[in-house]
Structure formats: C-alpha cells, structure tokens
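Each chain carries a letter (A, B and C) given by its place in the written order, and its residues are counted from 1.
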Amino acid sequence: MTGSSRFRSSGFRALILIAPLLVFLGLFFVWPLITVITQAVSDPAVSRVLPQTAAAIGDWDGEGVPAPEIQAAFRADIAANTDDQAMGDVTRRLNSSKSGFRSLMGKTVSAVRENPDIDLAEVDKRWADTAFWKAIQDNASPYTDAFLLASLDMERDSAGSITSMKEGTSANFAILMRTLWTSALVTLSCLIIGLPYAMIAASVSGWKRAVLLGAVLLPLWTSLLVRTAAWMIILQDNGIINQSLMGLGVIKEPLVLIYNRFGVVLAMTHVLLPFMVLPIYSVLITVPGNLMSAAASLGAHPVRAFLRVLLPLSLRGVISGALLVFMASIGYYITPALLGGAADQMISSVIADYSIKSANWSMAAAIGLILLVLTLALYAVYNRLSRDPIQAR
Amino acid sequence: MSENFIRFQKVTKDYGTVRVVENLDLDIARGEFVSLLGPSGSGKTTLLMMLAGFESVSGGAIILDGHKINDLPTHRRDMGVVFQNYALFPHMTIAKNVAFPLEMRGIPKAEVAGRVKKALDMVQLGALTDRLPGQLSGGQQQRVALARALVFEPRVVLMDEPLGALDKQLREQMQLDIRDLHHRLGLTIIFVTHDQDEALTMSDRIAVFNHGQIQQCASPREVYDHPSNRFVAEFIGETNLLEGTVSAVQGEVITLELPGGTAFRSHGMPGFAAGDKALLSLRPERIDLFSEGAAPEGSNCLSGEVTDTVYQGDHLRVVVETGAGRIIARINRKASEWANGARVTLGFRAQDGWVIAP
Amino acid sequence: MKYAKAIYASLIVFFLLAPLLVILPLAFTSSAFLTYPIPAFSTRWFEELVVNSVWSRAIVNSLLIAAATTVLATVLGTLAALGLRSQELGMKSQIRTLFLLPMVVPAVVLGVGMQSLFVRFGFNSTYWSVIFAHTVVAMPFVVISVSGALTGIDRRVERAALSLGAPPWKVFGLVTLPLAMPGVLSGAALAFATSLDEVVLTLFVAGPNQRTLARQMFSTLRENISPAIAAAAFIIIVGTVVIALVLMLARRKRA
C-alpha cells in the first residue's frame, strides 16, 4: 500500500530529469534518422531549379502539350535561374528519363535567355512532343521512390510502372539477400554452438559455472575491433591454423580461411555468441534442476526427456537469442569489411561506400532506410517477446 | 496535555478514481499510543503516510499542535518514522544512521556523539556502533531504526507495521520494549498493524479501519468487549453471532428473541427499539457449559449437542449444535469435558453478550 | 556423457578465449609481421605507438573523446534514469525504449544520417561531432546500469531520510546517489569502453584531425596489417581489465 507520489509535482520533476537526454537524442539520434528517411525519398534537383514549373505542372492531365501558363512558368524558371551547375543537374536528370533533353535544354536555355516570351515550339519542335513534358512532370515532384526502388534493383520505366533493372547493372538486391543469408548462417551456428553450451552452463555450478560464464562475458567486454584483428591473425595464410596444419603435413598449400565467407561467419559467430548464450542461459537457470530427473523417474529416456522437457523450456531463450543475433548481424560492418572478400560484403558496406566514397547520400539513405525498417521490425518482435513472456510450449 | 494534539478533519485520499480514505475524523492526544488496526487495503497505512507527508492529502485537513500541516514537507514535520523493513541506510554505519537526524538539524558534533550513544544504549546496541546494517539481525536492525527515529526527540513517532518482519518471540519482546519506551519517554505513538494481539497489547486506543473509514476508536477493552458493529466484532477476536429481533429494551438490558423462540437478555449498543433486527455477539470464552438443565438461575440458556472438541493446549474449543445454529465455546482445562453427542446447556450472563446492528 | 560435456564446454571456452590469447603476445614481437612464432620479444611496437605521430595522435584523440563522451553520457544517462524512476511519468515504457534504441539501430544507418545532417550545419569533422555521436551509442549503457542500481534502492530508505529531517536535495546527495554509485560507475566505465571501441560512427563524423585509436586500427587492418595493431589491442584490453578490476573492487568494498 506504499503509494506512488511523494509530491504532487513528482511527474513534472521526472520530466525535468529526462528532458536533457530527450533533447540530446532528439538532436543527435532522432533527427539524423529523420534525415535518413527524408533523404531516401526526396529528390529536390528539379523542383529546386524549376519551382514554378513544379507547382504548375502537377495539374496537367498529360494529354497533348501543357497549357500556356505552364509553359510560361517553365520559361520564367529558366530565365530566373543563375546556377548553371544546378541546371546541368536538372538536364542530366531529365535526359536519363527521356533521351534528347541534353541538346533540347541547351538550345532552350539560350533561347529563353534572349527572349523570355519566346514560343517554345518555335525553339524546338520537340516541345510539341508530349513525352518531353511528361518527363518534366515525372521529375518535378520533390519526392521520389527511385532511390528506394534502386536499392532493391528496381526502377520505373518510361510508362511509370515498376520493373526490375537490367541484369548486371546493380547488385543491391543480391547484397541484401547475401546479408540475410550470412546473418542466417551466423544465427544458426551461434544456435548450434550456444544452445548446448548454455545448457551445460546452467547444469553445472560453482567455479565451473563461473568459468563458463566468464568465457562468454569476457569477449563481450573486450573490444570488437581487437577480436576481429585477432581472427585476422589466426586465419591469415601464414596464420596459426595454416602454419600448424602445414607443420603437421596435413596440407601443402595454405587453406584460404580469410577474405571469404568462412572467415566472416566464423568471426561473427565468435563475436555474437554471447547474445545467444546469455538469453538461453537466463531462461534455463529458472528451470528447476530436478526436472530432468523427474522426467527420468517418470520413465523418459534422456534423449526423450531432453526433447520433451528441456528443449521446449529453453525455446523462449532460443527465440530471443536468435532474434538478437540476427538483428545484430544484418547491420554488421566492421567484421565483414575486414574479414570478407569483395563477394562477402554486406549491406552496411554498400551503405558506407555510397556515403563515404561516392557521397551519394540519397542511395546510402535509401538502403539504410531498408536496413533500419528491417532491424526495427525485428526489434519490435524481440521487445514483445521479452515484455509479455509467452508460455514455453 | 493538550487534548487534540493531532487532528484529522474530514481527511480524504484518492488514487485516481479509487478512494482509499474517506472523510476520516480522528483526534489523538499528546502522549497517547494509538494503533491503527485493519485488514490490508483498509487505508490505515495511507493515513500514516499522509501524516508523515509521504502522501498528499486529497481533501480535509491534518492539524498538528494547532497548525495545519497538509502542505508541510516531510523533512520539516519532525516526526520519527519506523518502517516494517527498517529502512536503514545500508551504506552508513549504525552510529551514522542514528546520527543522521541530528546532523540534519545542525546539532554540534560533540553533542551528537553523546546523544547517539545514549539512544543506542537505550535499545541495548551500544556495542555495535561501527557495524553496517547488513551485518545485523532483523531484530537488531529494528532496534537501530527505533533509536534513529527517537534520537531527535520527534513530536510524534509513526510506526508502520514495525514488527511484521520479526519472528513471534522477538516480536513479543519488542512489543514490551516499545510499550516501555512509550511510558518512559511520554511519546506520542501512532502504530499501524494488522495484528490484533499487537494492538490489544500495546495501545491506549485502537482505531479499527475498514474501507477507508474508522469503524470504532476506543480502548482495547472497549473495542473487544463492546464492538460497535459486526465488522469490529468479527475482525477482533473470535465471536459467535446470533441473529434475532429485539423484543424489549430496559435500561442497558436488551431482550433479543431468536428464531427458535428462545429469548436472551444481553447488554448492547444503545439506540435499539422493540422490533429492530439485531445480532448478538457472544465471545466463546464468555460462555459456560453445563450438563443439560444444570444452568444456574438468571442466566441465559440454550441447549444443544456437542459435535466436536478441539484440543488447543491451554484450552479446549467445544463445538455445540443448537437450535439457533452452531456455537463455539472455549472452556478452560479445569472444567469438565464432554464426549461427542453429549447434550449440554450453554449459559451466559447479560453482561457477557453484546447486541449490535446486523 | 559427462566427459563429452566437459570436452565440449572446454572446446567452446577455448574458441571464445583463443583470439584474445593469440593477439596479446604479438604486441611484444620484434618482427615486422603479425605472425607466430615470435622471433624475439621487444617493445618496439609500443615505442612505435608513442613515436609515430599518427598513432600517438590517435591515442590522445581517443582518450580526449572517450573522456568527454563518458562525462556527457554519464550525466545525461544518470539524470534520465532518475527521471524514469518516477511512477507518475507518462509514456514511461516508450521513453525507455527510445533511450535503448541507439543500441539497436545499425551504426551505419545512424552514421549516414549524422554525416549528412552534420555536414549541412558545417558541424561534421569536429571533436564535438565525434563526442556527440559516441555519446548517443554510449548513453544506453549508463541508463541500463543506473536504472538497475536504482531499482535496488528501497524507496522507504529515502522516505526515512526525509522523515528524519533531510530536505529532498540532501536525500539525493546523501542516500540516493551513494546507493546508486556502483551503477553510475559501471555505466561510466561501459560508456568509456564503448567510445574507445567505436569505429563505424567515427568513420562518418570524424575528419582526419579526429582520427581515434579504433579508427586508426581499422584502417591499418585494412591497409597494412602491422604489429602496432597488437600493441594497440594490448593497451585497449589492459585498459578494459583495469577498469573492470577497479569497478569490482569498488563493489566489493560496498558489499
């Protein structure tokens, strides 16, 4: 019956206490993520340079040529623009929708600069072609799904419907699938190694348990970078494994253990194993120790007792652990970047390359948004599982 | 001695839409030991928490020594609070714990040491000053908590089920210790408990709580012998309740007719008139058992058959089926015993029964 | 069956610990390569870390940034954990989830967002941009660890202090904070370790002048793998162990 409020203002005081962190996260966490989202869907290149056209052409029905007012807005935009580089961007963008724009725009810009009221059809007869106006209309919106589509290797054709890109032009989708597949492999190997380990850790006591848990926790607190570096040392061509095997005469040539999928999965399994072991362990530790004995006394063979009693009970931990490992895997950057070959890079590397190497933030943001949505969906499931505990079985 | 040292006036406490204390009035005199007794959720702890300033008051006024203290912050109320789980500061030694309230009051260091020692000696813990609370037993910790709550000579001492976590023997010892301190130091103590024996043993007055209201507030003897209503009669001690109709009221004697035709004469609550429905509360130990027909003249009689006898060490509980229902009597070991099936007569005097409203 | 269990457990313990055991001795190799056997023991790679300005600069940067991150994350996280304790705070579980979310969001995604936002305000490639980025990912550890310590505090102990005459700010200073201190300290240590090890966000928001030890290790691992890596790893591991020991001692003292 000890009540809830010490003072009437307690809720308000709590708000004051959390406000600094809320503001901080708003500025340096939420805002960057919102930036990612907006960057992924915005394409202001055309609408910024041709603002009046963009506003007017939205109403055009797409038949024949646009009304004179719209054409006037277009001329006014061209006349008002002073940034040749931005106009160049617009031209490139339009040209990629409809070829021929490069020459058309060059001609039109110089004509309109001389005479702002010139009839466009007189400048070039292509302005009487619906397709060219349609391209402007398509690109006029400040929002686009082009980047999101491109991050899944898709695009809009000239008719506006979604199609797959030509084979070989983009590998984003393949890399996304590779990311999911590698993460699945890592999750599976963590499960295969971690489940028995957690069961053993929960079944022993005293110093044995301390050692088993310590072995899981110690790597968790040591630098991820250090552990990845260690694996590079172990797996390299003249690393410990190859040297020992060659010394023993088992192999003549060094095995390729690094810069391939094997190295990535092995090192990631090592790094993420604690996230599998700990949830399973914490579920199993609540299972009464005499349950297996009880099953045995009721006549169950040890294997059967395991399958029917211990495994179902540990299921909740297994699901939590698997979600955690998978969730962490799909966003992994450092380990694949260092231990993987070109064919093992995961989606994070692609994002980093777009962003850091080619400064293509729109593509980086679009792929990032897909990764973000995937991760948050998994987290929502995880959160739900850990909040209202489902009954095992 | 001011008669109304602490006054609760129409005090109400709401948690959202739930009203846990309702329009409660209670006056407590200086130097009085008042127990707040009731089932859990009856509002007794909430009332204590409002007095200590841990909970806000939703309505009404709490007055201490003539001043309204509704909005006075806890740390300026000058009340010593003892909690069930002791609530000692785990990171401070025993001496530091006891010195805490003195330091908060800016008392000079030299004086603090002396008063801490005196307070710990008072609870017989003078030797343990440098230990941490975690190194003490539950009983010792509660003594420290007591010393800490008393060392600054608070105006009132509030105790929230302070003995609830102790085992029976220790609890009884502490009950006597607290009673002794109360007499010796002339403390005003408000003591929350759900243990009726504790309340009966220690208090000058008991306030019986139910549903956020005080059902009765009176001396232990009065509460036990003359419960004001059915809840109090049933909550404190064991009782037999017999339903009937009042047929006559003469002075303090009420005549109650039972459905079987039997009539009893008993004392009871004032205000009954002929024709009222009523309950007779009959404590098991106030009933005498006789062989059938052997009851003395002038006492109330009811005959029945013994169906069970339960041995309880210092007494026997005898279950008797009568025309008015099952009645439990408690007889001492020197009285004669009856076999199951024996016909007996139950007898009690008018002053041993108590009539209450149904 | 029993032996099988023991062997299996030993193998996995070996798998978990072997990498750490392999890298530490290499910090003392005299060779220019990160390979076994070690020809002779030498401290040349530690000297390299001190003498080579790229490494020494990176170490100083890391310490500066980690120290600032620790202070910022600990203050913000501790205040927030205290606020989250109130029962009268609305949307508490949503706010809590928000505070833990930086641990979940892929670092690369956050990095992209931070970079393009910071660049827009001319704020990228500064010490503050790195410190703020590190604080975002280090703060959840503080919130978790301080919240854990706070739930261990019996509210009645604080009420007792109030009733004994301590005004609320003294209750906080004399009771709540000392009792939560182990949680604050381990939160701070985790924040420090997180900042020290942070690579991904650093790649996005740091310029050449804010190159940290972890960032330097990362590029060295990519380009020319040298035993300076092992020496740096040795420093990081020893640093972590020292912090852990200090924490354990602090906790031991309390218990």
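In this text, contacts are C-beta pairs under 8 Å (C-beta built on N, C-alpha and C of every residue); 3 or more make two chains touch, one makes a residue touch a chain.
Computed from a prediction, not measured in an experiment: that's the story for all the values here.
Farthest chain from subunit A, judged by C-alpha centroids: B.
Among the chain pairings, A-C comes first (most C-beta pairs in contact).
Core chain by CA centroid proximity to the global CA centroid: C. Separation between the centroids of subunit A and subunit B, computed from CA atoms only, is 66 Å.
Rounded to whole angstrom units, the spacing between the C-alpha centres of subunit B and subunit C is 56.
For the pair subunit A and subunit C, the distance between C-alpha centroids works out to 24 Å. Across the assembly, subunit B contributes 54, 73-74 as residues in contact with two or more other chains.
Those residues of subunit A in touch with two or more other chains are numbered 2, 4-6. Residues of subunit C found to touch two or more other chains are 156, 159, 162. If you check the complex, the residues on subunit C that touch subunit A are 1, 5, 8-9, 12-13, 15-20, 22-23, 26, 33-36, 75-77, 79-80, 82-90, 95, 97-99, 101-102, 104-117, 132-133, 135-136, 139, 143, 155-156, 159, 162, 193, 196-197, 199-200, 203-204, 214, 217-218, 221-222, 225, 229-230, 233, 236-237, 240, 244.
Interface residues of subunit B, counted against subunit C in their complex, comprise 52-54, 73-81, 83, 85, 87-91, 100-101, 104-105, 145, 148-149, 152, 158. Those residues of subunit C lying in contact with subunit B across their complex are 154, 156-157, 159-168, 170-171, 174-175, 178-179, 254. Against subunit C, the residues of subunit A that register as touching in their complex are 2, 4-6, 10-11, 13-22, 24-25, 27-29, 31-36, 39, 193, 196-197, 200-201, 203, 211-212, 215-216, 218-219, 221-234, 236, 238-240, 243, 270, 273, 302, 327, 330-331, 333-334, 337-338, 348, 351-352, 355-356, 361, 364-365, 368-369, 371-372, 375-376, 379, 383.
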